[in-house]
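Down below are the structures I want you to see.
You will see two complexes here that share subunit A, one where it goes with subunit B and one where it goes with subunit C.
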Partner chain A sequence: MRRVLPVAGLVLALLWLVVPLAPVLVWAGAERWSYPDLLPGAWGVTGWRDAAAAGLPFALLRSLALGLAVAAVATPLGVMTGRVLGWRLTGRPRLVVAALLVPLVLPPFAVAMGLDVVLIRVGLPELVSVVLLLSVVAIPYTAYTSATAFARTSPELEAQARALGATPRQARLRVVLPAVRGSILVAALLAFLVGWSDYVVTLLVGGGQLVTAPVLLGAAASGSGNDAAVAAMALATLVPPVALVTVAALRVRSSGRTAADRLPESVPPEERMR
Partner chain B sequence: MTSRGAGGAAPGIVAITVVAGTGMAAVVATSVGLMPLYGEPAPSLDGWRSAAPDLVAGIGESLLIAVPATVLAALVGFLLATLMLGGGRAAAVLRLACLAVLAVPHLVGATSVSLLLGDGGVGARLAARAGGDGWPALVGGSWPVATVLELAWKESAFVALVVLAAVAPGHRMRMQVAAGLGARPVQRLVRVLLPTAAPAVGAASLVTLVYAIGSYEVAWLLGRAVPEPLPVLAFRLFGSIELTDRPAAAAAAVTGSVLALCVAVPALAALPRLRALSSGGAP
Partner chain C sequence: MTLAATALASALLVSACAAPSADSPTASVDRPWDEVLAEAEGQTVDLWMYGGDDRGNAYVDDVLAPAAADLGVTVRRVPVADTKDAMRRLLAERAAGEDDGSVDLVWVNGDNFATGQEAGAWLCGWSDDLPNMRYVSDEDPLVSEDFGVPVEGCESPWHKAQFTFAYDSARVTDPPTTVAGLLDWAEAHPGRFTYPAPPDFTGSVFVRQALYALSGGAEGVPAAYDEGAYGELTPPLWERLRDLAPALWREGRTHPRDQVALDRLFADGQVDFTMTYGPATLTELVADGTFPPTTRVLEVEDGTIGNASFLAIPASSPDQAGAMVVADLALSPEQQVAKADPDVWGQFTVLDIALLEDEAARAFDRLPDSPVVPAYDDLSRNAQPELSSSWVTPLDEGWRREVLGRP
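Up next, the complex of A and B:
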């Protein structure tokens, strides 16, 4: 009984996590799937062909560009803020934390709706506006991730580099940044995911001109009736972020294991686990 | 500590303040007629008046979606974290699955859930094969079941990872000490694990609740047509060909923001007390 409960729990947990995505996986390879059959009557790539004809490849490229642009803007801003928070360089950390909570609390659609009216008057290009707004949405994630990394890294590191003759810029770029590189990559990944996954801000501020993969999927899912093409679009939108996160997680896990292996035997198992 | 170097936070904080501040100021001004798309500004509450009945229904629908989704996500997320705390290869697989779910865009999740729970979906096929009387309208039906389930599914992975990160350090030692003091498994769960995990569960649930209140695409794709939750109502009015609907759309957006703030501010104030209770200290 003691072993059955965790195994049953694990199976139920995996079912909860995986089953909601199963229809997309099956439909993406279905040529014909009549009701009420439990499996497709014929397999094929018609859905992929229809999705490609609807503009999926270019939509994926636009999503990639948007994700990279958001990561490029939000990561440095978040790292700078995270350094201040992690090393407690400010006398008013609550003010910084409160400002970082704003994009998490305010619904993005409300901010986007207001900005849209302003941006029409200012004449800022839609793409720039979308990148700007999504970067602001991503900054809390990049800042908190960086803050955790800086909190684990001693500020003395920078001071020692300065004492050895490094300029402030050299100390940051050649000593501090390599020490927190892993977390900065995770922060950039989170910012990329914000840009890649967004639907409502891109649609509202982009005015329908910026057709990313989620925007294309939203249009198809709400009215095309072509389930195979919709599933192909969904799967194509799903794979890149999931693959990136999986690779990042495996890399972090393997580097963590290597670091744990380097600890001396005298270190207690609990400390090694930490 | 010194405030030297604190200026590094300025660009990020300024970006957030300018963008969020401008956006919210503009949407409030639009709702009271001070920023019309065309013509001269004319202060008016017409937008609020015309949207009032829908706003009340929208608040109800938003909470009807967000509260159950958050409760379910917190419950399942905590259970997932408990399983992962056991360690081993199974926990690693579960953690990877949670990370993968976290990376899935909500729109993709909503699309897949519509193919799972909608008419003609996998659930309906299974029910038909089993000789059922018909499949309930879980997508677009009289209750936002599919919307709640999609949000709970994806956010449960988020809650699980937050709780795991907060509780994992020192978890085994705490459990060993409790067992050494004679605590049974249930007592260890209730008296040790739950209080330790409570602040993380609370914080993750708050993020989930606020996100669910402001979420558009899941309710738009899976929810019923009437009443609409606030984001769906705002977006529909915003895209209306009637320019007079713009102030009403802005009123819905402002209401959604106020609702999120009303939930977040008291909860943020209560979180340190929860943390203090779990650590046995004074608030």
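Up next, the complex of A and C:
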């Protein structure tokens, strides 16, 4: 019984994620699907053609660019913060944590609504504003992910590299960073997803300059009658992040294993005792 | 040229420096159209519009935008899930005193236009001067007032809509002839009628139509919202709709989310009536076999509600000349007739055919006659005006509280 419950829980959780997607999957290949048929009456690629005609390929490219830009800003900043938190380099970790929580507690919609007037006044280009604002939303994720990684890695590692003659820069970039590489990848992925999937900030702060996949999807899904095209857009928006997460999960697992294998050599036995 | 440009620049400067106020900035008056055209050349006009209508999107991308390109103006369509998204952006720009905003043209009417007008967010005094306005009748109340708010040159008309009920004559052998009669019919035929849930656009106008029917017509309801009238007129309306609910599709426990969802119920034979603010689309739906060939438009003796939608230019737009050129182009007989073609978008023209030159008038005559939909003139007989936009939200809210919330 004790074993069955977690498994059942896992299966339920997976079903909860996957079942709502089933109609989307079917619709994306449907030509016509009317009541009371359980399955579409005709299959085809009309949905994909309509979605492409509505500008889906470019919207996906724009989403990709936005995700990469957000990851490029939020990952380094998050890793720096994560190092400070994970290695307890600050006397006031609670203050840092509280500051990091703010963007998570405030809904992005409220942030966008409040900040858009300010950002317009400041006169920053819209695209810069979007990347900055989304990076603020992404930094808590990148910071926490890397903080756990640093907490698992001994600060002694850096000291040892220094003792062996590495410059501070070399010690950080060539010894510490590779040791937390897997987590940095996950952090970058989370930041990428923030940029990839955002609707409100991209539209309101971006001033419509950046029609990303979610913006296109949101507009198309607000009408009905084009379910096949909407399903195609939803699927195209969903698959790349899922594929990325899967690849990252596999890589982190294998690199985690090798890191664990390597660890006994790099840390002397008496260190491990502590 | 220089004088006019300086005047425009200083007008912009003044509007940018002044604290945001309710005074709408005015376009410099009586500028020769050639100057506007010259200034527009090379500008990119960001047209923010509801993106949930495929045919509307296709018309703008494939017909309007190429024609604008011939005039040297690039049209960039920004699709939004709700026109309120565009309003949020341009009100933020207005609040920030921005004069280099990112919204140049908005497809708008009713509530959203009124909101922008209250905030002084629209550029005013320009639409009357558009060259193609000469084809629009001065006496057309649909074009001079937008849900009870005077237009005053702050937006240019784009198309007209007439609320319409359609039914399957094979299944409905005794069609009602009034809106009140339609409600009685629904009660007598359980499960065969429903309407989209307000605040959906179509569901919302159905409720207003029912309010007229139960209040003795449009004359019985003051166009401007007042609480006294609301308190007096709506209780019978809510009571009638509550009583009707058990006889609706799925006992009124759920409603289709919008007109297209209702259309699908009608196409699948689950209900016998559908309703739309864009009846021209009925022709195509019958032609492509979605709707049965026996689909007919219900003749409503007491008339249905009509309105118009518009293109408005925000005061914060940096491409106002370009936006005016696009608005004027959209009003041209060529564009209006293309848009009215049921194969393209099927939107009724705002032009008065009697004012058109012969050739243009013939183009409208050549539009295919629909076996389903009567001509606009017949459809809009006894047409009733929209209520003021300040009625819309209280009625939508009231319906949710009194009808949906109290089964």
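Criterion: the second predicted complex is superposed on the first by the 236 of 274 C-alpha atoms of A that agree within 3 Å, B and C clash if a C-alpha of one lies under 4 Å from a C-alpha of the other, contacts with A are read in each partner's own complex, and residues count from 1 in each chain.
Here is the rule we use: a contact is a pair of C-beta atoms (placed from the backbone, for glycine too) under 8 Å apart; a residue touches a chain by one contact, two chains touch by 3 or more.
Since the model is a prediction, treat every value here as computed from it, not as a measurement.
S.K.: Could you check whether subunit B and subunit C clash or fit when both are placed on subunit A?
M.R.: After superposition on subunit A, which the two structures share, subunit B runs into subunit C.
S.K.: Quick check for you: in the superposed arrangement, does A:Ala22 touch first (subunit B), second (subunit C), both or neither?
M.R.: First partner only, subunit B.
S.K.: Using the touch definition from the top, say if A:Val102 reaches subunit B (first), subunit C (second), both or neither.
M.R.: first
S.K.: Have a look at where A:Gly223 lands relative to subunit B and subunit C in the superposition and call it first, second, both or neither.
M.R.: second
S.K.: Does subunit B (first) or subunit C (second) touch A:Val117, or do both, or does neither?
M.R.: both
S.K.: Would you sort A:Thr212 into first (subunit B), second (subunit C), both or neither based on which partner it touches?
M.R.: So A:Thr212 meets neither subunit B nor subunit C here.
S.K.: What's your read, subunit B or subunit C touching more residues of subunit A?
M.R.: B
S.K.: Scan A:Ala13 for contacts with subunit B and subunit C and give back first, second, both or neither.
M.R.: first
S.K.: Is A:Leu204 contacted by the first partner subunit B, the second partner subunit C, both or neither?
M.R.: Touch partners of A:Leu204: subunit B and subunit C.
S.K.: So, does A:Met80 touch the first partner subunit B, the second partner subunit C, both, or neither?
M.R.: Touch partner of A:Met80: subunit B, not subunit C.
S.K.: For A:Ser146, select first, second, both or neither according to whether it touches subunit B, subunit C, the two together, or no partner.
M.R.: Once the two structures are laid over each other on A, A:Ser146 reaches no partner at all.
S.K.: Report which listed segment of subunit C has C-alpha atoms clashing with subunit B; options: 7-15, 115-123 or 169-177.
M.R.: Among 7-15, 115-123 or 169-177, the clash with subunit B belongs to 115-123.
S.K.: Hey, what residues of subunit A end up touching subunit B and subunit C alike?
M.R.: Residues common to the subunit A contacts of subunit C and of subunit B are 35-36, 113, 117-118, 120, 204, 218, 221-222, listed in rising order.
S.K.: Given the complex with subunit A, which residues does subunit C contribute to the contact?
M.R.: For subunit C paired with subunit A, touching residues are 46, 48, 50-54, 57-58, 78-82, 85-86, 88-89, 92-93, 95-98, 101-103, 257-258, 260-261, 263-265, 267-268, 270.
S.K.: Please output the residues of subunit B touching subunit A within their complex, sorted ascending.
M.R.: 1-6, 8-9, 11-13, 15-17, 19-20, 22-28, 30, 35, 37, 76, 79-80, 83, 86, 90, 92-116, 120-122, 124-126, 128-129, 149-150, 153, 156-157, 168-170, 172-173, 207, 210, 213-214, 216-217, 220-221, 231, 234-235, 238, 249-250, 253-254, 256-257, 260-261, 264, 268
S.K.: What residues of subunit A sit close enough to touch subunit C in their complex?
M.R.: Going through subunit A, the ones touching subunit C are 34-36, 50, 53-54, 113, 116-118, 120-121, 126, 203-204, 207-209, 211, 215-216, 218-226, 229.
S.K.: Can you check the complex and tell me which residues of subunit A touch subunit B?
M.R.: These residues of subunit A touch subunit B: 6, 9-10, 13-14, 16-24, 26-27, 35-38, 77-78, 80-81, 83-85, 87-91, 96, 99-115, 117-118, 120, 132-133, 135-136, 139, 143, 193, 196-197, 199-200, 204, 214, 217-218, 221-222, 227, 230-231, 234, 237-238, 241-242, 244-246, 249-250, 253, 269-270, 273-274.
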